[in-house]
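Multiple structures are listed underneath, in structure tokens.
In the two assemblies presented below, chain A is common to both, partnered first by chain B and then by chain C.
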Partner chain A sequence: MHRPNYLAVFWMFARNSLIRDMTFRTNYIIEVIFGVSWALMNLGFYTLIYRLMYADGDGHANIAGWSQYQFFVFIATTILVNSLVEGFFMANAEELSELTRTGGLDFALLKPIDTQFLLSLQRVNWSAVPKLILALALLAYSIPRIDGLTLSAIQFLLYPLYIVLGTLILYSVMIGLAATSIWLGRNQSLYDFWFYITNFSRYPMEIYEGTFGSPLRFVFTYMIPILVVINVPAATLAKPLSATNWPLAAFAVFATVASLAVSRWIFQRALMSYRSASS
Partner chain B sequence: MSVIEIHGLRKSYRVYQKKEGLLASFSGLFHREYREVNAVKGIDLTVDKGEFVAFLGPNGAGKTTTLKLLSGVITPTAGEARVLGYVPWERENDYRRRFALVMGQKNQLWWDLPAQESFQLHQKIYGIEPTAFKQTKDELVDLLGVAKLLGQPVRELSLGERMKMELIAALLHSPEVLFLDEPTIGLDVVAQHNIQKFLKHYQQVRGITILLTSHYMKDVAALCKRVVIIAGGEIVHDGSLEGVIDRFSDYKILTVDFADDRMPSDLARFGEVRELAPPRAKIEVDRNQIASVLTNVLANYSILDVSVEDPPLEEVIASLFALTEKQQRDSQDANIATTAANVAAAGKN
Partner chain C sequence: MLARAQIWWTVFTMCVAERLAYRGDFVLGTTMRFLPMITQIFLWTAVFASSSNGTMVGFTRNDIVAYYLLTMVARAFSSMPGLASGIAGQIRNGEIKKFLIQPIDLIGFSLLARMGHKLVYYGVALGPFALVFYLCRDYFPGWPPAEYMAAFLLSLVLSFLLGFFLEASLGLAGFWTLEISSLLFVYMLFNFFFSGHMFPLEILPEPWRTWVGWLPLKYLAYFPAAVFLEKIPPEQLWQEMALMGAWTLFFMLLSRRLMHAGFRRYSGYGG
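Here is the complex of A and B:
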């Protein structure tokens, strides 16, 4: 026996999850339909807003500096990051409080493998795949329609990198909140706050200004860095590369590392205080 | 060579004392009362390599808590323990590759998938060489006779079949130490017997160290030479199963078959009469008086047959459990009484 090959273990997780999803076909199809509908409704909603603005204005509608197709890239990025978070992490974070409550966490703690890895990735949600495809299609549709934008190779390379960073930031917030269920015990968890908090990440950060917006922008950029999750990759792709963007892009790297470190710390502390459930 | 060493191991929980009713629940938001529950109160134990030790005890005695401490699932309040030289709750991967825990009431296999998929996952997690994996798996599957069930989703298996799969999953990495928490709970007699037979065989062949908790005396009698009785979080007996009777039962059962239906009417003077079915009588006789009673009976009556037996083990253990539980309640009551007295005294001052 030797140290596990984490990639091989993850592959088994993905494989077993797929076998499971295929067994419960109806459930899978329903999840896909709801997921894709949610994304399409979002898109429709913003199309509506832009149409209203076109009707009111001079034909150059934009939200805080984002033209319609630039904003479509923003939405596509939201859907893309969401599908990754849902695909890899969401089911696991949800399961965590259940595992704590029922004592199922016992078995995870017995395995000779990193416990956070095991609990974060053991279920892969394949119903997120169609949403991911939808996001890519929307990108392909929107990018050529952005006025006066020529993409450089570096933008194509940076985009996936920032998508990964953004996904990892959301994961950190998620697992950090979910791990509190181990700490607080039983039915209590801060996990539900994830939805409230991440709600703010779905809009361009430029809209957060003024006496109300600026503090929000500060908190959600530097304290809980969810504003960089969608904004940084979306701006990288939808807007011309400019020197003014670099500080924020560099900060995104730092924010990801810091978020992962903090959530890791919370997770480890939580595991130490695990009480198990009686059997 | 000792594989498990435990010194003064303690585990206590703080439990929120919830009061009855809605109003009390609201007041519980602001003011909470906690109660300290001592699940394990200072255990010392040494287990040698290759031993098969049973933990016996009533519900809530601390058996499962001890196993969870030794598996590193929970951390103790105080005390030390080493298994294979490792401190369990440090959760080192090197340690986790060398032991296994099976819980009869919990299941670690993927519920919706065939067991073989979970086995493969274990192979990857434990980093078991493919050839070794196949060999071990085939051997275990063969021993437990579950070859035909490997492709069936776990949720469709019977409890007994599932338990066998759980055992296979736990043994794939050939652990040197095995913790079994009520592995036969809820199983029918045949399934219980099969699991016992398997465990006995496996332990003898592999010479691994096993710690087992069970409510079934039959499990224990069939498998373990050494029995550790835990009650109220403390070890009250550590020795052979027969030793339990010698130590904790103060009577023997005398069975007499009288000749000619001439049964004395005052049998009660020998001890408590348990069963009276003339010409046979069963009497509980004080251990110290068995010799004199026997002489007396043989000298004064005409007897067809006579036998002296130990009381059934289950009975002895049941009364032992009842006794320790009563002692605990008494000491708790005493504590409460002292607290109440102190409060009253403080009130007067």
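Here is the complex of A and C:
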């Protein structure tokens, strides 16, 4: 059988989605403003918190070892990874449960291309692009303001790599969750569940400590590796390279491969039990 | 009069039944809503670890955690998911006509429907709420004195009414613009930031703090929680309550005005 050119197909998806987004331009603009204001508000919130911590007069302010601008790098990383996930996968994962319910999944199965590829990437959400730019601007603003940090070339190389790995881990969680909608017939609270799970990843992992924090940190680092997603790339860029970080950085590579494999397995299993509703 | 009461009763029981249909999903959804609380507790523990005296703008870490939990109670009363967009949607697709020809009042019907939904919600959510509050009891400074407790309970009822009439007014703006999603978006953003849902309003620097104090949004989340935690000085308590009542009355009258004005200019488009 002839193997489709996946890159060309993806290019077509991206092009079609862009045309679609530009057709409903007002909607696109609203989505952009929404996404950007949300990110800015989050930034405003932490600016207020750091302002308070400075105000108590002891002259230092940090959240679990993250100074203000280091934390801004952390937030920028969060925005970056999330906009990549939203841009490529979010709309598709949401669509999956709808396709299962309506029986539209039949048509996806019939197409001569890998079903997971098709269902994961057929819609590219271009409204995530301005958020991406915002994140990069925030990085450019914050990095020079971190006290006593000199970055080496290797950190600039590792950062994008770990951004991609983090995005892939989140993708795995998302597609794994979405696949459960094939089993359940319908999974309306998918987005909620996604939000609540990934909520844990949006804070520095150092805050999870103590009797309850440590087990939580362990579970979300090694069982469901969502704490790795933002923390590893953010620490790569916001903190000096140190030998103590290497085990976690190496684990992040392993975690990405493992989550992709597990999610692929879940997806295939879910497809097997698809019963083709209402078609 | 009796016939009228009967109509309202029927509407009410109908809405209760409607809401009860998906109770399983509902308990799960309510319980999951507390998950972000866990990260908030850790975050604020880390924030206060950096502070030398353990308080910020008059709040200790425990106060902040209690505050977030209490705003969840307040929002269980004041949040009206889908109300404004629902009304605007009915205007757009013409469904609103039924209120013109049937002897039912649009706002009254929506209010009863909400009450039905909310009552079922409390019935179901009471379990998860009680559990979380029991687990988190050490974060609370204790029960407030009777006067504050009364004000707290009253403010919850008022926050429901205020939230309802405020969102109904927004939805009724649909008579003029049809597409109110951008309006709702602005409202949601402001609501999240300035109702106290995201943080206690004391954290805002001046002059923002004062300006936000003038908005009605703070009564939807911040105020009931602040009353319970006795953050409102006694001499201002009932003054603030009166203001809250005045805002509720204002939006109640506004929504009524908007409905009548809207019906007058409505030209029956849609299905």
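Going forward, the second predicted complex is superposed on the first by the 269 of 279 C-alpha atoms of A that agree within 3 Å, B and C clash if a C-alpha of one lies under 4 Å from a C-alpha of the other, contacts with A are read in each partner's own complex, and residues count from 1 in each chain.
Just so we're on the same page, a residue touches a chain if its C-beta (ideal position, glycine included) is under 8 Å from a C-beta of that chain, and two chains touch if they have at least 3 such contacts.
Every value quoted in this text rests on a predicted model; they were computed, and no experiment measured them.
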Does the chain A-based superposition show chain B and chain C clashing or fitting? fit
Figure out whether A:Thr47 sits in contact with chain B (first) or chain C (second), or with both, or with neither. neither
After superposition on the shared chain, which partner residues are touched by A:Ala61: those of chain B (first), chain C (second), both, or neither? second
Quick test of understanding: once the structures are aligned on A, what is the angle at the Cα centre of chain A formed with chain B and chain C, as a multiple of 10 degrees? 90
Tell me which partner A:Asn245 touches in the superposition: chain B (first), chain C (second), both or neither. neither
Go through the superposed model and pick first if A:Asp192 touches only chain B, second if only chain C, both, or neither. second
Can you work out, in whole Å, how close the C-alpha atoms of chain B and chain C get once everything is superposed? 6
Kindly list the residues of chain A that each of chain B and chain C touches, one partner per complex. none
Per the contact definition, I'd like the list of chain B residues that touch chain A in the complex. 13, 64, 68, 71-75, 91, 93-94, 96-97, 100-101, 103, 105-106, 108, 110, 112-113, 117-118, 120-121, 124-129, 153, 173, 181-182
Can you list the residues on chain A that touch chain B in the complex? 1-5, 8-9, 12-13, 16, 19-20, 23-24, 102-107, 109-113, 115, 118, 272, 274-276, 278-279
Using the touch definition from the top, list the residues of chain A that touch chain C in their complex. 30, 33-34, 37-38, 41, 44-45, 48-49, 51-53, 55-58, 60-64, 188-189, 192-193, 196, 199-200, 202-204, 206-210, 213, 216
For the complex, give me every residue of chain C touching chain A. 25, 28-29, 32, 35-36, 38-39, 42-43, 45-47, 49-53, 56-57, 181-182, 185, 189, 192-193, 198-199, 203-205
